[in-house]
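Common to both upcoming complexes is chain A, partnered first by chain B, then by chain C.
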Partner chain A sequence: MRHRLSIQIGPVAFRIGSAWKAPLDALAGLYADYPKPADGLTDFTVRLEPEKPWRRFIRPSVAIRGDYCLPDATPMSLAHGLLAAEMGMNLQMALGQKNYLLLHAATVEKDGRALIMTGESGAGKSTLAALLGERGWRLMGDEFALLDLDSGLLMPFPRAVSLKNGAIRVMEAEVDPARFGPRLEATPKGEIRHMRPNADALARMGEGARPALILFPRFGEDAAIRAVGAAEVFMRLTQASTNYVALGRRGFDALTGLIAANPALAIDYPDTDTALGQIGGFWRELAA
Partner chain B sequence: MAGPVYIADCESAVQSVALDGLSVLFHAPSGMTHIVAAPAPEILEALRIGPAGAGELLARLRAWYDFEGDEAADAIDARLAELEAAGLVRRA
Partner chain C sequence: MKNAKLLARALSDPAGIGDCDWAGLISAARAEQLLGSLAFRMEGQAVPARVEAIFEAARRDAARARTQALWEAEMARRALAPLGIPLILMKGTAFHAANLDAAIGRSVGDLDIMVPRENLDAVESALLAAGWEHVKDKAGYDDAYYRRWMHELPPLIHRTRDRMIDVHHTILPLTARPRPDARALIDSSVALESGLRILSPADIIVHAAAHLFADGDLAGGLRNLWDIDRLLREWATPDFWRALGERARLHQLEGHVARALRLSHRLYATPVGETVAGRPRVTDRLFEARLLARNGWGQEKRKALRFAFYLRSHWLRMPPLMLARHLWIKATR
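So, the complex of A and B:
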């Protein structure tokens, strides 16, 4: 590939190659403070290539390729190259990660204990994790919770937070502008802007945490809290995992162990302040 | 006429964890996970003694648990059919 970049995110090392300079320049700026893979070895490779050779110049169109590919993935506009790189990294993790049980969830940590937040797209887990990460919690990740199959610890995966639509304004009011990537308009997911996690999240990206609470947030409803039964949690987390089936019994053991050891709650919230208040209350009760 | 005789995989092939009144089973031979309610785990447990038809199975279960009423035999037949469809029991 003409242009290359290697990035360490938590326990995972990526190498990203691109036929174009611009997406990697944007990625290098966004990931400026991340370490390079220590031994030069990488876990996953992502390639951003022209869909056809001539498409590098004429109406450039980015195809996402790598160790693992989706054969019918739709090529993306070069203007969204940064999003293509992010989606490529997610895809390699989702299809290729064998060392951890992957949950599509955001995680934050406080006092050595981790909160797992999972839910459908739009539930607000990224926004809540990003906000908590600026308000006394450590952001461990906004997209993937990595559950260590042996120790049961959650490992951080603090990639750049992918903020969508209304969440962009919420975080722009909270965070130094230098930590944001370019604004990506009219992507398949709407408006997107990436935000680099703060220095604490990056400095501690090798530090795992014991899970303490599983939360299913849902945005846009009147405030409500309900306990979620273990069997329902199991079903929802198998649906939220990209590699549960591939891990076989190791995944089963890790997931049942996580659920048996931790309470689970579902919250509805009309605004982020309400959710932060609910979460603060849970944490005080857990500490008591 | 005697009905079919059923057989279940040994305990090491089916890992079971109780969660919230239900049981989640990992069936190693197929790699599939199942969520089941009582009396499915009890049927699997009783079949591990050895292959059995529905009548023999009901007798084993009655020795361990209180199964009241005449509907128990119908319930066992229905659960056996479900477990067979799920691949958790098979005909001997």
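So, the complex of A and C:
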């Protein structure tokens, strides 16, 4: 392909090829501090290419393709090429990752123990993870939790955090402007801005952590905390996993092992400060 | 390497590729649905750790895919058992059910079965009663087209398992010029322990060749040809070559079977019976170029050649006037 870039994120290396220069320039800027794959090899290939040959120049439209594709994925405008690259990498993970149990969840770590936060889009897991990552926790990832099938450790996948709408302002008030990507207006998911995790998160991207708590946050309700039973946790996590079925018995063993070893809580919160307070409380109890 | 040749070479001579463009090899293998087959062929070779992890995951995944394919066959067997008719597995599922070498790492998409044509209605009813559903609009043109002209029922999908089944009654569309002998295919089929059946070895090759060269635009052709290589290597004896020649003649597919043997030899160095394969033809190069029309980024290359083979597939599939009518309806709806 005309333009190309390789990036290592946690244990996974991507090779991204593009028919246009702009998306890869944006990607290279955002991922400036990430390591290149040490062995020069990659796990997955992403391709950003014109949907039809003439769409390279005329009303450019970016089709997200690669080793694994969705046949009916809608192409994106070239202005959103950075988002297309991100979605392409996520797609490879969701469809092709078979070495880890993949949970659609954000993970942060403190004192060697990891917190898993999962929930539907809008539950606030990305925002909470990003905030915790600036306040004494290590951000392991805002999108995918990688559960090692043999050791039961969580591996980091600290890609650039994808902030949406209101969360953008929250993080802009907190973080060095140099860590942000361009503002992407009017994407299919609203306004989006990517944020590079801090130096600690990147320096320790090879370092796994033992899980300690599974959390189901929900934004926009009065503060509440309730314990979640193992059966419900199991159902919700199978739904949050893209490859649970494909991993067969190994996926079942890893998931039930995770659930048996860890408490699970659902929290409702009206604002992020409340949620951070709730989480801080849980960690003090776990340490006690 | 600029095309999928590296993939073909790695499959036929895994020890011979040395240190290569690993990302390109893996992308090409994924695009051609051959990663599982490649992973087993490369087992035991010295490859970089990251590549080995990909191959190892692919080998594990293949075991799961095999279980799933065999389970789907068992589900069809149970649904159709009351009818008391021969149920013949085809393509990937057949290779797995019969433990053929071609099954090693072979991915399986749809379940392909063949039943006697006179039982089609009963089979369709039994499958619908057991949870399969129509994919296409039952009153639409596609459904009517399938029932009148195709070698299979319109595809059905299982409501809860989300897997497709293609129910064949012969191996080529009724509009194609060759007329395979469906009765002979069924009469020569071989029973497995489960009671399920597979086509006879010679007929399996004839079907694979028909599917690849007489009924399609060669999309996914590297995998279909890899099937043929594995099957021929497992079965090759002087008697087998004689039987294959006879069956190819019976089903009016001599030219396509010969082509399959020559191409398998060209790409995978398959030892083939010369009387069946015939002399090399100039057009073999075009077929080879089409089969290898993919680069190390997994992209489809040689658009014009691909399009020519696409046109050819329609030309083979139906007579000109019918083709014109078919394309008109497809374009205007």
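Following the convention adopted for this analysis, the second predicted complex is superposed on the first by the 288 of 288 C-alpha atoms of A that agree within 3 Å, B and C clash if a C-alpha of one lies under 4 Å from a C-alpha of the other, contacts with A are read in each partner's own complex, and residues count from 1 in each chain.
Keep this in mind: a residue touches a chain if its C-beta (ideal position, glycine included) is under 8 Å from a C-beta of that chain, and two chains touch if they have at least 3 such contacts.
Everything numeric here is computed off the predicted structure, so don't read it as measured data.
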When chain B and chain C are modelled together on chain A, clash or fit:
fit
Between chain B and chain C, pick out the one touching the greater number of residues of chain A.
C
Contact-wise, after the overlay, does A:Arg284 reach chain B, chain C, both or neither (first, second, both, neither)?
neither
Considering only the touch criterion stated at the top, classify A:Ala231 as touching first (chain B), second (chain C), both, or neither.
first
Quick check on the superposed pair: does A:Gly248 touch chain B, chain C, both, or neither? Answer first, second, both or neither.
both
Touching A:Asp43 in the superposition: chain B (first), chain C (second), both, neither?
second
Could you work out the angle between chain B and chain C as seen from chain A, using CA centres and rounding to the nearest 10 degrees?
60
Rounded to a whole Å, what is the shortest Cα gap between chain B and chain C in the overlaid structures?
6
The intersection of the chain A residues contacting chain B with those contacting chain C is 248
Could you pull out which chain B residues touch chain A in their complex?
15, 17, 19-22, 24, 26, 28, 31, 33, 35
Touch list for chain C against partner chain A, complex:
22-23, 26-27, 30-31, 48-51, 53-54, 57-58, 60-61, 63-64, 67, 297-299, 303
Residues of chain A that touch chain B when the two form their complex
229-235, 238, 244-245, 248-249, 252-253, 256, 259-260
So in the complex, the part of chain A that touches chain C is made up of which residues?
1, 13, 15, 17, 37, 39, 41-43, 45, 47, 49, 53, 65-68, 96, 98-99, 246-248, 250
